[in-house]
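We call the chains A, B, C and D, going by the order they appear; numbering starts again at 1 in every chain.
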Amino acid sequence: MLMSGADYRESLRRFAPRVYLNGAAVDAVADEPLLAPGVNAVALTYDYALREDLAPLMRVGDVNRMLAVPRSNDDLLNKLEAVRLVCQQTGCAQRYLVGDAFSAIASATHDMEGDYHERFKNYLKQVHDEDLAVGIAMTDGKGDRSLRPHAQANRDAYVRIAERRKDGIVLRGAKAIITGAPYMHHLLIMPCRNMIEADRDYAVCCAVPIDAQGLTLVTRPAGRPGEAAAKFSGRYGQSTAVAILEDVFVPWERVFLAGEWQHCAAITYTYATHHRHTCIAARAGFGDLLIGAGALMTEANGIEVDEAPNLREAMIDLIKIVEGFYACGVAASVYGSRDAAGVVVPDTVFANIGKLLLATQIYDLHRLAHHVSGGLVVALPGPGEDHNPATAGRLSDLLAARSDIPYEKRIAVARLVEDLTASSQGGWYSVISLHGGGSPEAMKMEIWRNYPVGSKVDLVERLLERGVLADEVRKITKNRQPGRCCVQGCMVPLPDPKVIALQKKKA
Amino acid sequence: MLMSGADYRESLRRFAPRVYLNGAAVDAVADEPLLAPGVNAVALTYDYALREDLAPLMRVGDVNRMLAVPRSNDDLLNKLEAVRLVCQQTGCAQRYLVGDAFSAIASATHDMEGDYHERFKNYLKQVHDEDLAVGIAMTDGKGDRSLRPHAQANRDAYVRIAERRKDGIVLRGAKAIITGAPYMHHLLIMPCRNMIEADRDYAVCCAVPIDAQGLTLVTRPAGRPGEAAAKFSGRYGQSTAVAILEDVFVPWERVFLAGEWQHCAAITYTYATHHRHTCIAARAGFGDLLIGAGALMTEANGIEVDEAPNLREAMIDLIKIVEGFYACGVAASVYGSRDAAGVVVPDTVFANIGKLLLATQIYDLHRLAHHVSGGLVVALPGPGEDHNPATAGRLSDLLAARSDIPYEKRIAVARLVEDLTASSQGGWYSVISLHGGGSPEAMKMEIWRNYPVGSKVDLVERLLERGVLADEVRKITKNRQPGRCCVQGCMVPLPDPKVIALQKKKA
Amino acid sequence: MLMSGADYRESLRRFAPRVYLNGAAVDAVADEPLLAPGVNAVALTYDYALREDLAPLMRVGDVNRMLAVPRSNDDLLNKLEAVRLVCQQTGCAQRYLVGDAFSAIASATHDMEGDYHERFKNYLKQVHDEDLAVGIAMTDGKGDRSLRPHAQANRDAYVRIAERRKDGIVLRGAKAIITGAPYMHHLLIMPCRNMIEADRDYAVCCAVPIDAQGLTLVTRPAGRPGEAAAKFSGRYGQSTAVAILEDVFVPWERVFLAGEWQHCAAITYTYATHHRHTCIAARAGFGDLLIGAGALMTEANGIEVDEAPNLREAMIDLIKIVEGFYACGVAASVYGSRDAAGVVVPDTVFANIGKLLLATQIYDLHRLAHHVSGGLVVALPGPGEDHNPATAGRLSDLLAARSDIPYEKRIAVARLVEDLTASSQGGWYSVISLHGGGSPEAMKMEIWRNYPVGSKVDLVERLLERGVLADEVRKITKNRQPGRCCVQGCMVPLPDPKVIALQKKKA
Amino acid sequence: MLMSGADYRESLRRFAPRVYLNGAAVDAVADEPLLAPGVNAVALTYDYALREDLAPLMRVGDVNRMLAVPRSNDDLLNKLEAVRLVCQQTGCAQRYLVGDAFSAIASATHDMEGDYHERFKNYLKQVHDEDLAVGIAMTDGKGDRSLRPHAQANRDAYVRIAERRKDGIVLRGAKAIITGAPYMHHLLIMPCRNMIEADRDYAVCCAVPIDAQGLTLVTRPAGRPGEAAAKFSGRYGQSTAVAILEDVFVPWERVFLAGEWQHCAAITYTYATHHRHTCIAARAGFGDLLIGAGALMTEANGIEVDEAPNLREAMIDLIKIVEGFYACGVAASVYGSRDAAGVVVPDTVFANIGKLLLATQIYDLHRLAHHVSGGLVVALPGPGEDHNPATAGRLSDLLAARSDIPYEKRIAVARLVEDLTASSQGGWYSVISLHGGGSPEAMKMEIWRNYPVGSKVDLVERLLERGVLADEVRKITKNRQPGRCCVQGCMVPLPDPKVIALQKKKA
C-alpha cells in the first residue's frame, strides 16, 4: 500500500533509532530541523507515486518505482526517467538506492543454495507492501587498504558475523557513507568487495530495522537547514551517516548471505551496475537545475544569451554534458539484458561510461554554471542585509541590473546558484558525484573487464587477413574475451544477436 | 530486388558518367583502380544485405536498410547498428546518406502542395526496386559567405534553376564534397540552407542519373589505392567529388522542390538530423577499428596491457569516447518521434550532441591510438624494404619485439595504425568527422534551438516560489520554448509522454 | 617604515569605517571575529616583509613588495614569487592588488596632462612611507549591461563625479567585489571600463580613506570564522564588500583622473595585465596547498601513491596544472617590457593565457584533489562528534585507516581538504578564480588583441611564395597587426629583440 | 668555422654512407630527391647562423647555437628562441638534437673517471671547428620489453660492445628513429635507458662517421618530396632511419662511455631534460605555422574572424596552446641550474610539463586548424586538375569564395593546411610530437620524480600544526624529497634561493 509523504513522516515516529548529530542525540528524527531537508526529499518520492499523472513513471503496479526490480528494458528506461524526475525536484531523492540493491540481491540469491532466495522474496514483498524506505549500508571502515578483511589488525574494520546463533546472526563493525540513514525504516547491510574463503565471516548481507538493538548512527545535517541563503538546500538535502554495529542481532529470515564468500563479488558488482545506472539519472536531474538556474541568472543579470556567444556556448556545453551522460543511461537501459533470475540488468559498459562521465564532468558543470552566472554570485551581500534599513534600499537601487528585474529577484537567483555550486552543498555534490557508487578507477576497470575487446581485435585481424596480408597476421592475441552479444548489438526483435551469431558461424 | 556486390559493379557499366580524376578522364568507373576502394566499400553494403544472418539489421522487408525511411524507433536503432556494422568493415560505407535524404524529402514533400510527394514516392519505389546507390549533392560553391544565393556576383555560386520548361527544369552551378559520387547511379540535388523568396530559383531538390547530359564530376582517389603500406585504405576508401552542372535537364517526375523556398529550411535541417544520427554509427564503426588495432599493436609490441596502467587507461579512454557518442545515437533513436508523414525522426538534441562529440573527439581517438601504439608506427622501414635482401633479414631480426610475434606481424599492424590515423587517410577522416554533416557550430545551434531550456527555467522558478521565495521571483524569463514532453524535464502535465507511449505500444 | 602584523592590527583602530556585516554594524574591525581571518592574512604580508631571510622577495628597498611598482623584469619575477609565497600561507593575501593598480596609474598619469602624475607620486610615497593596506574599488554596479554609464536610467549605476568643487570632487554610486575592504586603510577608486566623452563624469580615479564621510561598506565574513571544521579558512580568509558612496568628498591631491575619459581604457587594461600576472602567483600558492593536502590525504588513507597509478596520475595532473599556469607568469615576467613611465609591464599574451588557464582549471584542481582524497572527505563525522563520549572512541577505532596514523590525523586532513575544496570557501575560490580580474572572455579578447597574428601570416605567406607557389599567393590578408618584436615569431628584421637586449644588458 | 648551407650540401659529398631508401640503395645523399626536403631543412640552420641580424640567437661566439652547450640561463632562453625560429621555417630543423646530447655527455663524463671528459672535449672542439651535423642514435631495437638488455634472447637487441680492442671497440646491434641520419656527418651512439652491472656491454656512448665500415642506414623519404600538393613538406621535411651496426669499429678517442653502466641513467635522463626543453621550441615553431595558416585560410574562405566568434575562439585556443607550452620552456630556462660541469640544465619539472603539454595537445592543434579552415581542405580537387582544360576554368569560377581572392590562392592555402595537418606529414608530426623525446608516461614519471612534493606536504602540515591542530598532525609522511630551493614553494629556510641569486648576480 502506497503511503503519502505525510504518512511517511508519521511512520518515522514508529521507530526509535539511536542517532547522533553534531555530537548530540536526536530525539525524534521526524521533528529534527537539521534532518528536515532529507525527510522532505524522501517524502516527495511518496507523494509523486500517488499522482495519477505520474503513475506510468512512478509506479510499477502497486509498487513505488524506487523499490521495484526491473523486469524489462522499458522498466530500466522508466526508472531512469523517474529518478531524473524526483532528483530535478530535490537534488537527490535517496530512496532509489534500495531498488538497485534489491535487483542485485534478487540475482545473487537466485544463484545460491539454500532458502536465501525465498527469504529475500518474502522480505521484498514486505517492503513493497509496507512501502518502506530502506537505506544501503555498504562501505566498510576498511582499515588498512592493503589487507583483506580477515587480515586486518582490527577485526571489526569490516562488518562481520561475530556469532552464528540458531535464530540468527550477530554483527559487529561499522559502515560509512550511508545515504539518508536516520530517516530510513530499515538498513540493508551489504558486502562492499569480493572476498576469499578466509573472509567468510565478512560475507554478509541482511536487513535490519533502523532502531535495532546495538545500532548507532552518527550523522551530519541534511543540506543546509536553517541557513537563510540556502535557497535550495535549506529545503532539500541529503544526510549521510556512519553506522556503528555493536552486536546487532539479525534473525535468519532477514539474512540473505552469511558466509557464502563466493557470491560477494556478484552482489557487489551487480549492485554497482544498477546503481551507476540510476546515478546517471539522479545527476541529470541535478544538471537540469543547473541549466535552469544558469539561464535564469543570465536573465537576471540583464543579458540576452543569444547576444553573448560565449554565454550561449557555455549554456550549450551544460546541456551537452548533462544529456551526453544521460544518453549513456538510456543506452544502458536499451541494451540491458535479462539474467537467470529474470532481472533486467543495465548494460555494464554504458552504465559505467555514463557514471564515469558524470563523475568527472560535475566539475565542468560547476564551472559552466559559474561562467554564465558571473562573479557576483559569491560577492553579493548576504541575507542578513536584506532587511537592514541602513543599506537595503540603497543596495536594491544600486545593484539592480535591469529595470524590469528587481534586485530582489537577481539576488534570489544568485543565492540559488551559490547554494547549488559554491556552498558546502555544492562541494558535497561534487565529491559524491565523483566517488559515489565507486570511484572513477572502479568504473574504468568495469569498462575494461566487460568490453568485448576481443571481438574488435578479431575484426581487425580478419581485415588484415582478408586484405593485403593473407597469412602474415594470424591469431596473435591471447586471452581474449568472447564477444559479448551486447553493445553493438541488435535490437528487437533480434532473436539471435548478431555478434553471437557471427561468432557461432566461425565455430 | 536486392543486388549483390558483383551485380552492383556490373550495374555501374550501364552508366557513362563524365568523371575527371587527377586531371584525366576516367574511362570506366568500375575498372578504375583509383576508385576501387570506394567501389569495394559500397559493394559490401549489397553483399551484407543478402546475408540471412544479417537480415534483421540490413533489410527492411525487401529493401536495403541503407535506402529505407525509418518508420519506428526500432528502425532508427537498427539503422544505427547496421551502419556501424558496415563501417566497421569499410571505414565508411557511403551508401547510407541517401536514406537520410529520403527521410527528409518524404517529410518535406508531405507538407508541400502539388504532386511533389507522389512523385517522390514513385522515385523512392524505383530506387528500392532497382536497389540503387544514390549520392547526395548538397554543399554549393557558396561564393561570398556573407551574401545570400540570389545576391552573389556569380549567379551560379549556388545551384539554380536556370530555366523552367514544360517537361522539366534546367540546372546550373556546382556542388562540392559529394560522397562517392563517381560510383553512384544517381545524384540527389538538395538545398544546403534556408532561403528567402528572392532565392526561389535556388530552391531546388531533384534526382539526376550520374551520366546526365551536362554533368561533370571532378574527383579524387578513394583511399590510398596502390600504396603498399595502405593496409586498410588500399582496399576500402571514399572518394569525394565536385559536380559541375552546366544546363542539366531534369524531367518533372524527378523534381521534388522547385521554387518553394519556404521548405528549404525543413529539408536541410531534417536531413541534418537524420544524417548526424547515422554519422554517429559510421564513426563508431571506425572507432571499433581503432580499438581493435590499438589492442593488436600493444600485443605486437610485446606489452601486456594490464601491466601497463597508462596503456590500459588509454584503451579505456578509446572505448569511453566511442561508446559515449554511440550512446547518444541510441538515445536519439529511442526518443525519436513520428512526424505527420509517418517518418520517425531521431531526437534532435541527442543526435546533435552525438555528432558534436565525435566531431571533436576523433582527434582524441587518434591521440589515444598513437599512445597505445608507440612511436615506431611512423618510423619503421617502409614496404619497399620488405624484400630488400640487403636489409630485410637483419631488420626482421633486430626489430622483433617478442619471440612469438614475428617482425612481419608487428610491422603489418604498425602500418595499419599508420594508415588509419597518421596517413592522408587518417587526416581525411579527422577533417570529415569534424565538418561532415555540418560543422560543430551548426550542431551547437541546433542543440540550442531545440533544447527545452524554458522548461528547466520553469522548474527552477517553481522551486524558488514554492520554497523560500514565495512571490519574490515570478516569471521573469521570456521567449521560452514550450517544454518538450519527453525526457528532459518533462514536467506535469505530461500530455503524452513518449516513454510511456513506447511502453504501451509494446504491451 | 615597515609595520609588523601587530602594528597593522593596531593601525586599524585609528580608522572608524562604517561597516555592515550580516546586517549588523561592526564596532571595531580589528576585534570583529567574523573578519579575523582576513586581518590575519593581511597581517602576514607585514610580518613576512620584516623577515630578513625573505627580504629579497618581500621587499624592494624599504618598501613592501606588495606595494611596489615593478621597474625590471626581475621585479616582476620576484613579485610573482613573493605573491606565491604569501598565498601559500593564507590562500589569498589580498594586499598585492594595490601594487597592480599603482603600476597602472603610474603609467596612465605619466601620459596625462596636468599634475596628476605628481599627485600620484606624492600619494604613492605616502603609502610607501606609512606602509598602508589599500583596497581596489573597481567593479561598478553597472545597471543595464547594454547601456554605457551616462545612459543608465539610474545615474549612480556607475560611480560618478556628482560635483566638482574648488577643493576636490564629490562622488556617488557603488563599487562591488572589493577585496578585503573593511580591513584596509584606504580604498582606490578606479574606472572599470573604457569610456566615451559622454561618460566623462564617470571617468574618475582617486584614493579615499576607509572611513571617509559618506562611505558605507556592506561585507560578508572572511573565510569561515568560528566553524570548527574550518581547518584553514577558520584562520585565513577573504572578505569582499560592496561600497556605497553617498556624496563622498575627495580633495584634489588624491584625485588621479577626473573626466579624462580617454585614459580609462589604458588604466583598466594595464591594471588588468598586472593583476592577471599576480593572480597567477596567488592561485599557484593555493595550488601548492592542494598538492600538499592531496599527498597528505593519500597518506592518511593508508595508500602508497606509487602503488596506485591512478592516484599518482592525479597528483601529477595537479602539479602539471599548477606549474603549467605558473610558467605563463614566469614567461610574462621575462618578456615584460618597460613603458614610457619606466614601469615594466608583464607580457600581455602570456599573462592572459596564464590567468585564463587558472580560471578554468581551478575546477580540475578541485576534481583532482577530490580524486586523490576519496569520498570520505565529505562523509566523515563532523567536529561535534569529536568529543561525544557515546561515539568518539568507537569511531576512532573503526575508521582509522592504518595503525600508524591515528584517526584524529586522518580526519583532520580530510576536513582540511573539505575546507579548501568542498566548502563555501572552496566554492568561493572557484568563482573568484574564474571571474576575478575579468572573466575568461575578457582574457581571450586581450590575447587576440595583442597577439601578432599578422607576423605569423607573413611567415606562412613567405613560405608559400618562396616555395612552390611563386606568385600565386601574395598579401591577401589585411588589417594585420605589426609583428611584435619579441618572442613569438619575430622575424627579420629584428628591430630591437628583447631577448637580445636582455643579453646585452647583462653583458 | 661556420659553413653555409651550400657548403653543407657540398660537405655531404665527402661521405659515402650506405643508405637504403624504399628498398633501393642511395647513390649520393646530396642529390637524392627523396631526401632533399631534409637536406634543405638542415641547410637553413647553416645559412641562418651566417646572418648578422640573427647572430645573437643563432651563434654562441663562433659556434652554431645548434651545437652549443648552454652555460647560462640566457643561453637556454636564446636556444629556445633559436630553435623556434628555425622550426618556424622548416617544421623541424633536426640539427639541434646534438646540442642536447653534448650537454648530457659533458655533464656525465665530467663525473666519470678516466679521460672520457677530455676525449669528449676534444671531440666537441672538432665538431665546433668543422661545424658538423651530428645525428643522435639512441632508441635500441629493444626486443622483449620485459627483459633487460643482457637478458634478451637476441644479444643484439640493444647495441653492444661486441669486442674491446686495444685501439677501440666494436659495436653490434640496431638503433631506430634516428632523426635526419642519412644527411648527417656523424652519428652519436647513446644509451637509451638505465642499466645494471650485467648490462655493462650495452653501456656505450661514442661517435662514428656516417660512412663507418659496417654501418647501414634504412630510411624513409623526408617529407613528401615530389608531391605537387605538398606545399610545405615538398620543400622541408624530416627523414628518420634505422641504423644497423654490424661490427662497427670505433677508436678510443671517440668513445665516451664503454661499460660504466652506472652513468647510463644520468646520460639518458639529462639528455631527455635538455631535449624536451628544445622540443618545446621546435613544436612552437610548428604551431606558428598553424596559426598563420589558419588565419590565412579563414581569409581565403572569405570570413572575417571577428565576425565569427566560434572561429575567433578557435584561433585564440591555437594561440593559448602554443604559447602555453612555450611558456613552460621559458620557465625551464629561467629556473635552470648550473651543474658541476658548468652546464646549465633546464628545470626538469617545467621542461617535462611543457613537453607533455605539446605531446598531447598537438592533436588539439590539428583539430583547431581544421576547425578554422573548414571541410573543403580535404575535398577540393587535387593539383592534377589545376591545368585540366576541361575543368580548371569552371572550377576556378564556381569555387572562388570572394571576388578579391582568386580560387588559386584559396586552393593553395587549403593544400598547405592539408599538408601540415591532414597528410602523412601531419600524421607524422602528431606521432613524433607524442612519442619523440620519450612518451607521455616518461614525462609524467620525471615530473613526479623531481617535484618537491615533500615541501608542499611540509607546508600543509605546518599550517595544520600552527592552526587548530596543534599536535594532532605531525610528520606523517615519509620518503619526502628535500624541498627544492626554487619556485615551487621554497620554504624557509631558503638555503640559496635561485631567483634571489639571479638578482644578486646581476646587481
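Points to keep in mind about this one:
One rule holds for everything that comes next: a residue touches a chain if its C-beta (ideal position, glycine included) is under 8 Å from a C-beta of that chain, and two chains touch if they have at least 3 such contacts.
Note that the structure is predicted; figures quoted are calculated from it, not measured.
Looking for a copy of the B-D interface in A-B, A-C or B-C, one arrives at A-C, which has over half of the same contact pairs by residue number.
Ranking all chains by how far their C-alpha centres lie from the centre of chain C, first place goes to B. Averaged C-alpha coordinates give centres for chain C and chain D that are 36 Å from one another.
Averaged C-alpha coordinates give centres for chain A and chain C that are 39 Å from one another. If you average the CA atoms of chain A and of chain D, the two centres end up 48 Å from each other. Across the assembly, chain B contributes residues 310, 313, 444 that each touch 2 or more other chains.
Every residue of chain D that touches chain C in the complex is listed here, in rising order: 51, 53-54, 56-57, 74, 77-78, 81, 84, 88-89, 228, 230-232, 234-235, 288-289, 291-293, 295-296, 299-300, 312-313, 315-316, 319-320, 323-324, 326-328, 330-332, 334-335, 349-350, 353-354, 356-357, 405, 408-409, 412-413, 416, 444, 447-448, 451, 453, 456-461, 463-464, 467-469, 472-473, 476-477, 487-490, 492-494, 497, 499-500, 502-504, 506. Contacts from chain A toward chain D in the complex involve residues 309-310, 313. Contact residues on chain C toward chain A in their complex (touch as defined above): 20-25, 141-146, 153-154, 156-157, 173-174, 176-177, 216, 218-220, 240, 242, 244, 246, 301-303, 310, 360, 363-364, 366-367, 370-371, 374-382, 384-388, 390-391, 394-395, 397-403, 418, 421-424, 426-428, 430-432, 434-436, 439-441, 444.
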